[in-house]
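Listed below are the structures to be examined.
Next, two complexes with chain A in common: one pairs it with chain B, the other with chain C.
Up next is the complex of A and B:
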């Protein structure tokens, strides 16, 4: 997909989400859902960038999200850093940790990277709950209860001011999505794909695997951490429950539904998944069962997610059009 | 131009390359022959920095031992692979541009990459995805991308393997032209002796990682040790 169609799909999707508050602004439930669609679409996009494009099976994206949240919460609660600055510092901290996690992954092949990064996520919970976490201000198993909201131009963007927070999130979402498109379509993006397809050949053509793999770890953890931070100032409370398997699974569903390595399919996947997940709330414990079943169906029927479906449809129409033109040509020549 | 001094690579107890020394001169087509498992491809992997090794390799008088692969590429040594390596997510043009952008020491010059696409006759396929190419096309693409790095030495690894007689003729012409028209030093590993003796001079023959002999095509094809290693010792008894 070229940069123009990527930008068009993103503009239409986010534009549509952006005007919805005009109609749904009165409903706090709808505003919460819309806000979460934006946050998850960016977090899932980062996962797609590192896994679908760079081919690095990082299963630590939820951990990076939580690190961003904790960093910003601790900075603003314990060190009184203004939240608007703390969220960007949290992105920076997450990026540094992302690069450190990326270092051992340079020497490892696909499935082993998944193991290392997932082990990192598993280790994060006992760390935050234990004495080491408490020492840095994680609040142990109780978590952090009163995270201050972001203040922007004298306006407080908290969960009681849903519409301003939504638009603030939308702006950050648009900026981050533009950055992702620019990266994918720059020579960085082609370097990621080349390293994914054949690291040996790419290296022998002068591509530094070291540089570009750490770069992708750094960028994706920065954005993921930033959005984790944004989320924590929005909800105001934080505990290790954010590291739950459910968050991981729902994120994975977004990518699978959208199509792995089919950006911006993952954004459509996020819209779909968050909406379905909310609609299924009344189903209680059956919700996750249905979501799980959905993944099986999507993987079996649509290996490239909705993007694959759209491509098939446009290819079909193209082929039909071409065959019609050739028939017409044939008829006119006869 | 390229000088290997007593290089040794051991995988556990097995010495894949054993105390090997040789020198490639500017503008030569330097052939490397030897039976399967003789250590030919390992030798390429050592020169291009995929593995660490004992001994020393000098390129243009500079010690390149221990440098990472991408730095060696930028210094001017490029290569192809025995099993075709392509970037299936990219088009032909994008793949060649990888070499041009990342591998050349100067500023990225799309014009030169375009010339290399034309030089390897890939003009027709330039906007196609690389997995649509046939075997010869994939081999040409590897060469085009390697040439786009503007190398001083091109190392090709069994370029004729899997090709039919017509294609072998074409590939032989391409390698000759790289050497004569682009004035690039070529190192070639090839099993197909007829092609190797036609193209290369001198030829280094190795077995079990050791040099058996180095010489002109006539010298090596008449060397009793070379005949023994290809046809077996019992040949003349």
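Up next is the complex of A and C:
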């Protein structure tokens, strides 16, 4: 997909989401869903960039999201940093941790990276709940209860002021999406493509896999941490429940439905998943049962997600058109 | 002090032996099929629930003999058909490894939530396989622990015999060494893949039956068990069965000591630290090949 059509699809999707609040008249449930769609679509896009394009089997995306959330909450609660500065500092902290995790990880073979990053997520919970976490102000198993909202130009973007917060998130979403498209279409994106096709050949041409992978790991960690921080100032409370398998699976469904390495399909996946997740909420425990089953069914039946389906459809129409043209040509020549 | 240390070593040995049983299953699947099974821990819980249904819910006569006699064929069938239906269609694609990881992750959530939906969120306790204690000088052993240790070691030996001395085992080894070559000499590769998956399901399910007597049947234990088996496999060297055996014992000991001296909450952090340090110096694990 070229940069122009990527940008068009993103602009149409986010533009549509952006004008929806005008018609919804501030219905708090709908605004909450829309805001969550924006936040998750960026987090899932980062994961797609790492896994689908850079080819790093990182399963630590939720962990980075939570690290961003905790850093920003601790900065603003314990150290009284203004939230608007804290969210960017949280992004920076997450990027540093991402690079520290990435340094040993990226030298490993694919499946090992998945293991280490996933184990990292699992070890994060006892860390935050235990005495070490309490020492840095994580609040132990109780979590952090009163995270202050972001203040922007004297306006408080708390969960009671949904529309300003939504547009603030939208602006950040657009900036981050632009960064992702730029990365994909710069020589970095080309380098990833080359590395994916043949790592040895790309290396022989002087493409450094390690350098590019570490850079992209750092940048996506920054963005993920930033949005985790954004989320925590929006909801105001934080606990280690964010690290549950549920959150992980929801994020996984977005990328599975959207198609891995099919950016911006994952944005459509986020729209779909967040909506379905909210619609299924009254079903209690069966919601997760359905979500888990959904992953299995989608991976089996639609390996490339929605994007694969659309591509198949357009290819089919293209082929039909071409065959009709060739038949007409044949008939006219006869 | 001295007695304490001996007791910790014994508990580490006990856990390590069951972990070895489970980790070897995962090492086998990875070595042969190159597929990552994220739902591995869910089969551990499945074994626990299977025993609970038979022993507590239905109250069958014959106790654990009946459980093992029925659980092994049951787990084999489950594993065999899951591989045939879910994993094998993915193999046609280039990026099937990633797809298989995602699918099994979804499957694990589905199974774990399914257990909660079917049996409720409470822990279920299994009866002890043997009751009573055995005193040897200053040490007091639970007979149950001794039986668990003997059973898991027997399981390991059976598995090693199966792999080295039977036609099925040799076919499995041939496919692990060279899938194309194995196919040329007429080994049904697809069936070997499914059989390997099934054998690993048996190993982890039996591990579940053994350990659930001590740790209860817990629908939320799956992820922890999966990651433990996986850490052991990576630590020992992916696909190396001997490596997994040593790694399981080391991790079992580490857990027992860290749990006793620093508290249970630090176990996962300690295990991850050990893994990271090992992988930083030996990316292929203890006994893995480059």
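Convention: the second predicted complex is superposed on the first by the 327 of 334 C-alpha atoms of A that agree within 3 Å, B and C clash if a C-alpha of one lies under 4 Å from a C-alpha of the other, contacts with A are read in each partner's own complex, and residues count from 1 in each chain.
As a convention for this text, a residue touches a chain if its C-beta (ideal position, glycine included) is under 8 Å from a C-beta of that chain, and two chains touch if they have at least 3 such contacts.
Just so you know, these numbers come straight off a predicted model, no measurement behind them.
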| item | value |
| --- | --- |
| Chain B versus chain C as contact partner of A:6, first or second or both or neither | neither |
| Which superposed partner A:97 touches (first chain B, second chain C, both, neither) | neither |
| Touched partner set for A:176, first chain B, second chain C, both or neither | neither |
| Chain B versus chain C as contact partner of A:208, first or second or both or neither | first |
| Touched partner set for A:229, first chain B, second chain C, both or neither | neither |
| Which of chain B and chain C A:187 touches, first, second, both or neither | first |
| Partner, of chain C and chain B, that touches more residues belonging to chain A | C |
| Common interface positions of chain A, toward chain B and toward chain C | 261 |
| Partner chain A, residues of chain C touching it in the complex | 30, 36, 86, 89-90, 93, 95, 97-99, 101-103, 105-114, 116-117, 223-224, 227, 230-231, 234, 238, 263, 265-269, 271-272, 275-276, 279-280, 283 |
| Chain B to chain A touching residues, read off their complex | 48, 50, 68-70, 73-74, 78-79, 81, 85-90, 94-95, 97-99, 101-104, 142, 145-146, 148-149 |
| Residues on chain A engaged by chain B in the complex (per definition of touch) | 187, 190-191, 193-194, 196-198, 200-210, 261 |
| Of all residues in chain A, those that touch chain C in their complex | 51, 57, 104, 107-112, 114-116, 118-120, 122-123, 126-127, 129-130, 245-246, 248-249, 252-253, 256, 260-261, 285-286, 288-289, 291-296, 299-300, 303 |
